[in-house]
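The two complexes that follow have chain A in common; it is paired with chain B in the first and with chain C in the second.
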Partner chain A sequence: MVSGAVRYAADVELTGMLHARILRSPYPHARVLRVDTTAVPSGVVVLTPDDVRGLGAYGCQIKDETVLAVDRVRHVGDPVAAVAARTPREAEEALALIEVEYEELPAVFDPVEAAEQDAPLVHEAHRVSENPAAYFGLRPEAGTNVCHRFRIRSGDVDAAFGDADVVVEETYRTAAAQHAAMEPHASLARWDDERLEVWTGTQTPFNVRADLASVFGIPEERIRIVALPMGGAFGAKAFVRLEAIVAALARKAERPVKAVLTRPEEWVTLNRHPAVITVAVAARADGTLLAKRAESWADTGAYADCGPGVAQKIGYTVVGPYRIPNVYVDSHCVYTNLPPNGAFRGYGATQAVWASERLMDVLAERLSMDPLELRLRNVLRDGDAFCTGEIVHDVRFAECLEAAASAIGWSEGRRGKGLCVLLKGMQTPSRAAVAIEVDGGRFVLRCATTEMGQGARRAISLEAARLLGVESEQIAFPNPDTDVVPYDTRTTSSRSTHMMGRALEEAVRDLRESSGTRGFGEIRNDGGLDPDTGQGIASSHWHQGACAAEVRMDEETGKVDVVRVHASVYAGRVVNRPGGELQNEGSMIMGLGTALFEAVDFEAGQVTNANLSDYEVPSIADMPELTHDLIERDGAEVHGLGETALPPVPAAIGNALASLGLHMTELPITAEAVLEAVDRGRKSDVGAVTAG
Partner chain B sequence: MRLSLRVNGEAHDVQARADEMLLAVLRRELGLLSVRESCGVGVCGACTVLLDGEPVSGCLLFAPLAEGREITTAEGLGGEHPVQRAFAEAHAFQCGYCTPGMVLTVKRILEVNPSPTLDEIKLELAGNLCRCGCYVKIVEAVQRAAANATAIP
Partner chain C sequence: MSPEWLSPTTLDEALELRAELGEDAPTVAGGTFLGVLVNQRLLEPAAFLSLRRVPGLEGISANDHLHLGAMTTHSAVERSPVVRERWPALAQAFSVVASPRVRNQATVGGVLADADYASDPPAMFVALGGRAVARCLAGEREIAVEELITGYYETSLRPDELITEVRVPVGPERAVYRKFRSRSHEDRPCVAVAAAVANGTLRVVVGAVAERPQHFPELCAGSPAEIGRRYAEAIEPISDARGSADYRRRVIAVEVRRALAELRWTG
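What follows is the complex of A and B.
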């Protein structure tokens, strides 16, 4: 690491390989009338819509994407052609020689408007995917841009709102954000005797393999995906990104083809779902929560990607880690003509927690209650039922909250301080498997868990060493290769240390009981939610955390100065302490960016800040005093730590501002918005209603 | 055109276009893959190299302008440089993509200011982004490297 010896996807080369570049739509929505490539020199391979018209569609949850846009572009940056040439420069020059004629179509950029009956349709008909990434029933709404809606129906919400002493309601918004992994997307493909090999920076080798099989109409066994270490991913390297284009180019070129995105292309490839969430909560005068009603719109952009899954996560996460007997949620995943939005560290929780936890402080203020007291009165405890009907076990929400509050001296004065608590689900259902091969004194892990900097290799190797009773130096963990490793759902949702740790226990048992040369272990976590009622098993165990923040605010400039942030996260059992600490610290820093300055800016569908100069990610100079706890308990299982400390940071900061009388409803909390709130005479902008 | 570059203490003759950036030439001609492109506009520090000891963005420097200068990349530090050791001991990285640029920048920071304060570290490293957010441990690494360098044997 410190010598720069890691080889990422951008670093791999094959003899004779060509370099790809992509021609992208300048329009948010248009018919493609003509793609003229006659001026491109003969030595350059060009992929046009006609080349991909006969190929299959792909998409992890909805098969709504083609290798290039065919007949219609749906967002600025939608690929309309691609070229492969001997040098990146030659490829770049060839792009300029392709002429495309468009006919612009009406476009829609707001998820609430897009969900209306008369909005321009981004896709004329809804489709679904049959691959394992679509793990719940999809509920597209015909004739609209709603590609999925998830509902929770629990108890009698109308009656409970009618009986409540206090009702508060507000609408919260979260902006699009860009993952901005330091390493851009990169993929390399080669065809050899009707067999496709792809070396790529991906979190999801098996999902990519399934989608490419769908595109090229070949069995998955004829496709090999090698998942190289990633220079950061944060969700952006989940599912197909560049892989389909380089594979199609390589097939046409009959040569290996590699593509590396330029930095600005990242902003038209994948961002985080902007969301609008209206939430209302009903309570008794003593603070007991009676009911919650929420409606949310997740803007998935021009292609669904995993947006339906994000809408589902928003749907139950917005209920919060509370005992609420009556819950009514409608969560919509909506197409717009923005670039696609997908998995992003926090996966729907960031948007949902901002809404639900800001509203808890509005309720506390209305009730004249300590926000900590209000939360502790209602948080889920062992044996309680969540809104999905599942009974929760080994939950430590109260402990996380108390630890976070204590860390910032909550009892010594609450002015300028804010709290937030969250529950976050882990991918359910899912499967994980690992094989251990004994090679002399070495133990080789055949495991599909990918490394993106989260330290999964280190954590899983340490677990393997512990279970085998050997030194971690004896464990080898080669890059995942779908030809060699057993199936695993994917490396997302902070599941890998937990799931692979359990699979390793099985593999070690098998190794001991069998020949002693190879052990295989497989586990699954079963469950899932009914999309119409939200009942079932949302998560086989819960990621749990709380956050506390202390802020100062400059009334002249609106600048928010975050003095300190503390996160308390339930770890169960820590496998790799420095790794766990890094996850908490990194999550909090990313949460700080979401809280205060990260937003993808659009002007009529065009990204106006597609570079790391105008789009600000946190630098070391932005870092406040950051502290955290990894809460453990004897005998507990391992809990993933990859993202729990991110979603609570914005709401903790928002609540700290609320303690100063500034009720912010939009992320990021810009200085301009704070100044506006100050100018409103520090009057709450909360449209709260008190019921009888 | 032909360029004579002095990199990590050795002289090299390489082929490059006059308008090529040092980053591309170091990677393609010399296989120095620790020098990494990220932002492409000189704000993230991932492509940092030392030019006569000073950190510069390899993505913004025309390769011919580096002729006659001493170029240092992370490969040239050998792996056991005190700053590299401090980063490893402090676990000051996750994905590692920004680490070579960080290490080179910190090397220079400590040459100029052997005992930087927290504020000085933050100011001097603000041009090296780490999206994994390892900043807490990067500060520890700088302090550790500083302490090791100034420790009386």
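What follows is the complex of A and C.
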């Protein structure tokens, strides 16, 4: 049912509020020589680079962003000025009156080229952030565009490759994608006596608060973030987006200022990291995996955002849920002059799994082995060690794989069918806390978990009701407000139902043991990885899933028709079944888009398809038969379900095509690329006949 | 400055405004195309000329011709019993445009006047020998759709003319519309083929591959495969996100052949 009752950030109105619009760079890399605002009428407030020069830099992992581009723009769409006026139209018209003089600089758009020594530098220096989102050892490489590199060093890879019966290697690519949340970014800021208040659609209220404190040089306690419900986020509303600009404008205007992005602006605000991943695997003739070597380049665009974290995630996810004694990984996060890339449902797993799981089928083919059997022979089981050295517990990879295979009739014939298995980490280390306040017959949850349509409020309220032994209608869950709620790391990485659920158990215990009017619970998951060896605890528990796909393909046009997709996801214990099912379905649909349609297209750094007509998200008419299961186990803990079923979909589809002899290496899989693969197959058939 | 919204209530009034303002006031029919241009700031006119309140521009009737009023929506054509019965391929071509929300809004006159190379209906109109009725204050004339669309977003419509109707002759014995999408189901065609046989004459028109619908009467003889091959050679396809020129050329050969097989054309 749609009631229209939800109040989004764009709906918030304050007396005297002004509307902001942003002037953006038309160049991918340029010096800003002059910003002339003399033609702007006096009633309009203009923020220029001179206004922000004295403000601090921010960035959740690398401090590389300023409120507006100062002296240099680094991507098409980089904000160079902003205005606030009484109406959005007046603001829009004022933008046209600002004159900016640029001097173009050489730009770089490919992460592999950008990582080379002589590439144009997007940033002259790297400064690690003090934001708690910079939770791991950052390893920027001075004098290059590499803002972080993560390594895994485990065993003796060279020796294992030397001893192997079979070695396969391939390079895989994933295109940039746009989150395309239904609700665009929106934020509103107000200053009140040196105190900053921000109402915003964000997944990360505490990270935003920390970054704004860094920008304005004030203590975090003088900043209040109210995290309003979002109409979809998918990672795009993690960390600072519009908040710094509206806050700086509001301070200058001495009035509240609101900004709501237009749809085309979304494509220059945040996309998903394009990635190039070369992976090689060594095995014995019986299919036992001996070693893996991988090198990855994640293109983080003009600002790092959480790219270093994504590179780390790619680094260990590309190893896959397998027992591999010898592993050598170099994962780079690289600046380019594209718009920033950041968190996107899957957080690096999509790119990594595309590479690692496609290569597993190449290996299976080389060994003339059933791809399911090859995987089952090597998947991690309870008590095995992952490449990080951590021992895995409660792992169900084999069960997920078998369920997915069975759902598409794997044993009845494998032609046109493909499988994929996935291991995905959860934010580690992290903290979650909740306070329960008893108010008459109501229980008010004070917690920072944000709602973006994923159903977190519903799931956490159901858990609270279960633990308290009351009806879920008695649970109230106000919008997170950093003045009121205890600290929580953020609402990302499918962690909230799991982490907040555990914090709730503590809070309910505290409530019962104390006065009975207030209970507080806090949970930490400890761990982290050494950035130079990849050893440590990657994840306090694992998101696990498998996917199976069946395809048909038109040999004359290369058009792929996905007949069905099945995802099997380990849920541990399901808290809210309808919500969990929707997460699986939504993830699979997004995975289908990544597999077949979605790519942000660029021409010299300029997005050429920044609209929902040219940028293709899947439509309802594209849906295959979508089925899934949520695998449970008595006594198991709750596992997050928000993303697990997305990353395995492209590789399952790619592997289904591989069963037809078509080895695809790039996402999305276009009809044209498939037809080229058909041609290559024909040529090699002819070659085989000639040779015979 | 907000653009002025001109909303005449008679056809004469609309034609007077059109004569006076011409291209300075783009005509708004369904607004699905113009809306995108305005949102992307590709178009910032001083005024818009809306045909919404002009009576008599909407409706479907059939006698010796099919008459489609310019303001008739795609959905209305797609669902019309008479179109479905007597011009089923035309109903088909309108039914595969974008999504229901777009089809409820987009109009017959609009899709022709926009002359967007990647729209579905124009190629089908050309195959069926459709003619647009262009009105100005001085009178009206008929323009074959084949001659109406002259290039990318360009027509032979004069600045004082409005399309009021599209006429389609009776009697293709058989007609077919095939839309090949290289991406999502809601995408525009990568290659579209409209084909019709009327009085023993075959008309094959390929849409969405070049600046205007591609029709080569001299190549419309022979087997389906031969015609497909010749069309693929004759057309200079464009490259865009839906496919490169080389790819399109291959698909043209395949899709023309398939369309003619569907039409039971044996040469």
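Methods note: the second predicted complex is superposed on the first by the 680 of 692 C-alpha atoms of A that agree within 3 Å, B and C clash if a C-alpha of one lies under 4 Å from a C-alpha of the other, contacts with A are read in each partner's own complex, and residues count from 1 in each chain.
Basically, a contact is a pair of C-beta atoms (placed from the backbone, for glycine too) under 8 Å apart; a residue touches a chain by one contact, two chains touch by 3 or more.
Note that this is a predicted model, so its numbers are computed, not measured.
**Student:** Determine, under the contact definition given at the top, whether A:588 touches first (chain B), second (chain C), both, or neither.
**Tutor:** first
**Student:** When the two structures are overlaid on chain A, which partner does A:263 contact: first (chain B), second (chain C), both, or neither?
**Tutor:** Once the two structures are laid over each other on A, A:263 reaches both partners.
**Student:** Check the residue A:621 against both partner chains and state whether it touches chain B (first), chain C (second), both, or neither.
**Tutor:** In the superposed model, A:621 contacts both chain B and chain C.
**Student:** Which partner does A:597 contact after superposing on A: first (chain B), second (chain C), both, neither?
**Tutor:** A:597 contacts chain C only, not chain B.
**Student:** Which partner chains sit in contact with A:348 here, chain B, chain C, both or neither? Use first/second/both/neither.
**Tutor:** In the superposed model, A:348 contacts neither chain B nor chain C.
**Student:** Determine, under the contact definition given at the top, whether A:613 touches first (chain B), second (chain C), both, or neither.
**Tutor:** both
**Student:** Between chain C and chain B, which one touches more residues of chain A when both complexes sit on the common chain A?
**Tutor:** B
**Student:** Using the superposition on chain A described above, determine whether A:232 touches chain B (first), chain C (second), both, or neither.
**Tutor:** A:232 contacts chain B only, not chain C.
**Student:** Please work out whether A:675 is in contact with chain B alone, chain C alone, both, or neither, and reply first, second, both or neither.
**Tutor:** second
**Student:** Do chain B and chain C touch any of the same residues on chain A, and if so, which?
**Tutor:** Shared contact residues on chain A: 262-263, 611, 613, 617-619, 621.
**Student:** Could you list, by residue number, the parts of chain A that touch chain B in their complex?
**Tutor:** Touching chain B from chain A are residues 1-8, 10-11, 179-184, 229-232, 234, 262-263, 452-455, 578-579, 581-582, 585-590, 611-613, 617-621, 623, 626.
**Student:** Spell out the residues on chain C that touch chain A in their complex, using ranges where they run on.
**Tutor:** Answer in residue numbers: 1-2, 36, 39-40, 99, 180-188, 190, 241, 243-244, 247, 250-251, 254-255.
**Student:** Of all residues in chain A, which touch chain C in the complex?
**Tutor:** Against chain C, chain A makes touches at 89, 93, 262-264, 556-557, 559, 596-597, 601, 608-609, 611, 613-614, 616-619, 621-622, 670-672, 675.
**Student:** Across the complex, what residues on chain B touch chain A?
**Tutor:** Residue positions touching the partner: 33-41, 43-44, 46, 73-75, 77-79, 84-85, 87-88, 91, 93-100, 103, 121-123, 125-139.
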